[in-house]
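The structure under discussion is supplied below as structure tokens; questions concerning it will follow.
Order of writing sets the chain letters: A, B, C, D and E. Residues in each chain are counted from 1.
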Amino acid sequence: ATAASVEEIKSKGMLVVGIQGDNAPWGFVNSSGKQDGFDADVATLFAKELGVKVQFQPLAVANRIPALTTGKVDILFATMAMTEERAKAIQYSKPYAANTISLYAAKADAVKTPADVASWEIGVPKSSSQDKAVTDAVGSTATIRRFDDDAATIQALVSGQVKAVGGNMFYGQRLDAASAGTYERKIDFLTTYNGVGTRLGEKDWNEAVNAFLDKIKGNGELAAITKKWMAIDLPKFPESIPNIPFTVK
Amino acid sequence: MGYTFDFGAVFDRAPELLWGSLGSLGLAFAGMLLALVIGILGVAARTSKIAWVRSPVIAFVEVVRNTPFLVQIFFIYFALPLMGIRLNPTVTAIIALGINGGAYAIEIIRGGVESISKGQIEAGFALGLHKADVFRLIVLKPALRAIYPSLTSQFVMLTLTTSVCTSIAAYELTSAAQRIESDTFRSFEVYFTVTAIYLVISSLMMGIFALISRSYFNYPTR
Amino acid sequence: MEGAVLTSPNDQSTLISLDKVEKWYGSFHALKNINLSVRKGEKIVLCGPSGSGKSTLIRCINALELIQDGKIVVEGQLLDGTTKAVDAIRREVGMVFQNFNLFPHMTVLQNCALAPMRVRGASRADAEKLARKYLERVRILDQAEKYPAQLSGGQQQRVAIARALCMEPKAMLFDEPTSALDPEMVKEVLDTMIGLARDGMTMICVTHEMGFARQVADRVIFMASGEIIEEAEPETFFKNPRHDRTKAFLGEILAHH
Amino acid sequence: MGPIGENELLFILQGLKWTVLLAIIGFIGGGVFGILIALVRTSKYPFARLASSGYIALFQGTPLLMQLFVVYYGVALLGIDVNASVAVAIAFTLHASAFLGEIWRGSIEAVPKGQTEAANALGLHYVSRMKDVVLPQALKISMPATIGFLVQLIKGTSLAAIVGFIELTRAGQIISNQTYRPLLVFGIVGIIYFMICWPLSHVGSGLEKRMAKAAR
Amino acid sequence: MEGAVLTSPNDQSTLISLDKVEKWYGSFHALKNINLSVRKGEKIVLCGPSGSGKSTLIRCINALELIQDGKIVVEGQLLDGTTKAVDAIRREVGMVFQNFNLFPHMTVLQNCALAPMRVRGASRADAEKLARKYLERVRILDQAEKYPAQLSGGQQQRVAIARALCMEPKAMLFDEPTSALDPEMVKEVLDTMIGLARDGMTMICVTHEMGFARQVADRVIFMASGEIIEEAEPETFFKNPRHDRTKAFLGEILAHH
């Protein structure tokens, strides 16, 4: 069996963290080949808390959950937006980051409400929370094109293959880098919160993470990391989210 | 370990899998047709005596056969718009499949054409037939027959290559699978089922090719 | 159905004439100063050692090979390398190869009907009627629906003859038509050719079947090293060859038979 | 979000290292199993022939992409803890052995029957007949197709990206995600593939031509 | 080096005996009630029209084909289909094929040394010594380091004979050993075979070389349609064939020569 308990990990001295490898600034492998980003910093702190070394396992968006459930990784600090469906497959911790999902399109296009994008082609990264948000909002009227990752999604907009994309709060900056002054944020769909993922029913992991998050929220360490990577203040986190338990019952 | 298999969640999405399969089949057939056209026209050019007709075809074949399909489809989808050619994912996928399969088909069919004895061609000329007629009426059919098995396996591979088209958001079986997976998180079950579907599709392809061969190449040889 | 006759032939009865023909394969001199004139209805047998240029000679007449110097005129049409001349000449001369070269993916009937349809623009019905006529002529009409692979070598060669006849050519060229055949089949093909000869067809035939040469040839031509060494009527040729080269050659082939 | 500099190129080249390594692992693993498959496929036991042709049909009849997924998730389900590279190596070995097995079966059958008969008439047994007489000739016959498949395999490693393995294509994706220059990055990646595959293809078709000439 | 002799032969001098042998290819009856006994040192020439079963007969003796009924005994060993019997028999009889079937990837020496090493378990040195001895015997030792493709057809066939001799067989089977050769090369192979015959080798030879048959055969056997029609000493066979079938056949092959 590969699914280890917290105690087993402590005695082994090594924590395997599932993380995104290509989603700057959340989690990415930097050009010197080292894992870096917001999630990497938080996970490193967590490992320090447990008193073990950390090993990062970069994952593609679509195989984050299988990697956890099959025990390939011990825990996910993998930009996991908290959704009801996912909460059926993994155990979330309390939220530790927030992310606003919006529609981005060319300045020249007049868009005020979701009705304005009916019959457009809209790009999103496959299986991401943007995918879910955009599909929920305009999936029945617009054509959703699902790409492998953020880079392909943004490229699709820049190439004109889609008229709009569902992006997170970093898309604006990236679209400007690709084509300055052409695109803007049009509609905010929702704000999602990211939680740390552990396996369902494993109380020891969930409790350890929640205790750790409470601690770094209190002592300002999370605020510092948020400032460093997002250039924003620590957002307000909700006490509960419907149908997404933060603790093992 | 205590993993319990649950194919139910996958079978609930059977309609999506069916549409995905049809999408894959559609891409495969359209891609193949284009590949065959590119292959036949390409061979005519590839075997030309005129260097500037021949060399672009050679370069085309070399580039396509020595780079991954993933990179090729990515280029058609993302780079062509920069030159003002914007194609939707389905058309892109068909063109990419056609180009990829076509490059292989050119080389395969060329092998067949070169296996036709010079005497056959001379007999055609001696009867007063012109070059195009000789190629079309005398060379092509026996040439295709000679390389039919390799063409078949190349086209079956092309069918399987449709799975890569998911990366430009074309609608086919693999993207359906990925949607279902991201909703149900039943990764193993989803991919296992889809693999089985691909096996059925490729067997179907081979069956169809065998049927075509039996009706089209039914002349006896020694 | 006559083909384009551009110039009026200087001798009304000359069908094929070669004048100082020179043929090179790269630096290899394959035909040297070939002069030959074939009258309508004449039957010529061409023989000589392997590599002497016999095939090359008849292939040049049919424009399957291009010559470097000299003139070839068929039915008044100068073979000047233009598509038009090549077409016109190929319509006037039929060719039969050593290896038959039937098209394996077509039935016997389709093999024969192909050229009339594509070259003469005949309708399928007319072309097939013509094909049946000539298949009858070589007495193989009952095999019309078979594919070449289902026939014996001798039958295949007779189909090849019928196929060439379907273009209703003025002359027929044969390149060792019996040498790929088993002994029993040689006779059936030779009989077919003798029949053709009797009917007055102009023929140039590369063969070492000396019985055939004796029986039908008006002239036997002996080639060696790309040159015409000797030409004579069969009687003279076999009984009193003038050149030593010819004598040696005849000694060899007659010893084998 | 930056230019493509030395670091980025270096990163891509590290991906290249894995691409080459994966192809080599697949080729060696596939080669060893492939010979077995080919021998079983040409054996005189109908059941063994059937089983091996089933194996070949399975791995030639499904996309490599799916084989990667199923092995990647499936091996973990068996409770064996493997990292991505082992799973990918297993998948490539299975895939390559099916294709190489089929290629080599063809070339074993292309060795003239007279060779086997002569070996039999000399009293040679199966092992010696295969090892000394048939396989050396079959391998020579199969060289062009084998090299052709090696090229396919190298290109096929690009699919390992989909299970998150950082080989050449994945490295390209990562860099393109950081620099937002996908066209440039994938152009470079494409050229690198071409530079590895093209010389191989060339050797392959050269051999093919030489053999065609020898056969005449 | 004697091979496993399981039963003592009933006639000390009989090396090969076939008793009521029947061979079918599917529904095709290829050998019908074949009875044949070959004494040590005897030379037998087998002839007959194409498809009459000559190759099948000698391939059965060597267990390259399995028989459906009857008995084949070689040097007292009954060929019962077990690996052991097949091995024992193949060690006793050497075979030479029409198309030589030399191993193209091995030198002449390696071709000859292979079986002694793998079958008799000889060391490389011993095997090569043996190989050289028999290459010398067929007078081709100077070609030992060449590959088959570098030799003429006649030389290749002599190597094939040496290769078979290296197993030091009691008998040799030849299946049309000269028919794939150019005329000049036929003689060198026939001379080699005549030499072998003089040295007392037991031989069964499928051939239509009638000169060879006259010179060395103790018996000539004529087959047709899977049956032995006639067997006689060469003089009788050629001068006074009894059956019409034999007469027709002889008429045909002698006419060709």
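Criterion: a residue touches a chain if its C-beta (ideal position, glycine included) is under 8 Å from a C-beta of that chain, and two chains touch if they have at least 3 such contacts.
A quick note: this is a predicted structure, and the numbers were derived from the prediction, not measured.
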Query raised in the report: When you check each chain against subunit B and subunit E, which touch both of them?
Result: D
Requested in this report: Could you quickly compare B-D and B-C and let me know which has more C-beta contacts?
Outcome: B-D
Report task. Report, in whole Å, the distance between the mean C-alpha point of subunit A and the mean C-alpha point of subunit B. Result -> 38
Report summary line: Per the C-alpha centroid definition, the whole-Å distance linking subunit A and subunit E comes out as 81
Report task. Calculate how many whole Å lie between the centre of subunit D and the centre of subunit E, each centre taken as the average of the chain's C-alpha atoms. Result -> 45
Query raised in the report: When the C-alpha atoms of subunit C and subunit D are each averaged to a single point, how far apart are the two points in Å?
Result: 54
**Report entry** Per-residue multi-chain contacts in subunit A, two or more chains
**Finding:** 1-2, 63, 66, 70-71, 148, 152, 155
Requested in this report: Would you pick out the residues of subunit B that each touch at least 2 other chains?
Outcome: 1, 3, 78-79, 82, 187-188
Query raised in the report: When you check subunit D against every other chain, which residues touch at least two of them?
Result: 73, 77, 79, 182-183
Query - Which pairs of chains touch, using the document's own definition - result: A-B, A-D, B-C, B-D, D-E
Report summary line: Seen from subunit D, its contact residues with subunit B in the complex are 57-58, 60-67, 69-70, 73-74, 77, 79, 151, 155-156, 158-159, 161, 169, 182-183, 186-187, 189-190, 193-194, 197-198, 201
Report task. Spell out the residues on subunit B that touch subunit C in their complex, using ranges where they run on. Result -> 117, 119-120, 122-129, 133, 137-138, 141-142, 145, 217, 219-222
Requested in this report: Note which residues of subunit A are touching subunit B in the complex, please.
Outcome: 1-3, 62-63, 65-66, 69-71, 85-86, 88-89, 123, 126-127, 131, 145-148, 152, 155-156, 159-161
Query raised in the report: Which of the residues in subunit D come into contact with subunit E in the complex?
Result: 112, 114-115, 117-125, 128, 132-133, 136-137, 140
Query - subunit C residues touching subunit B - in the complex, by the definition given at the top - result: 62-64, 87, 90-91, 94-95, 97, 99, 101-106, 114-115, 118-119, 147, 149-150, 163-164, 167
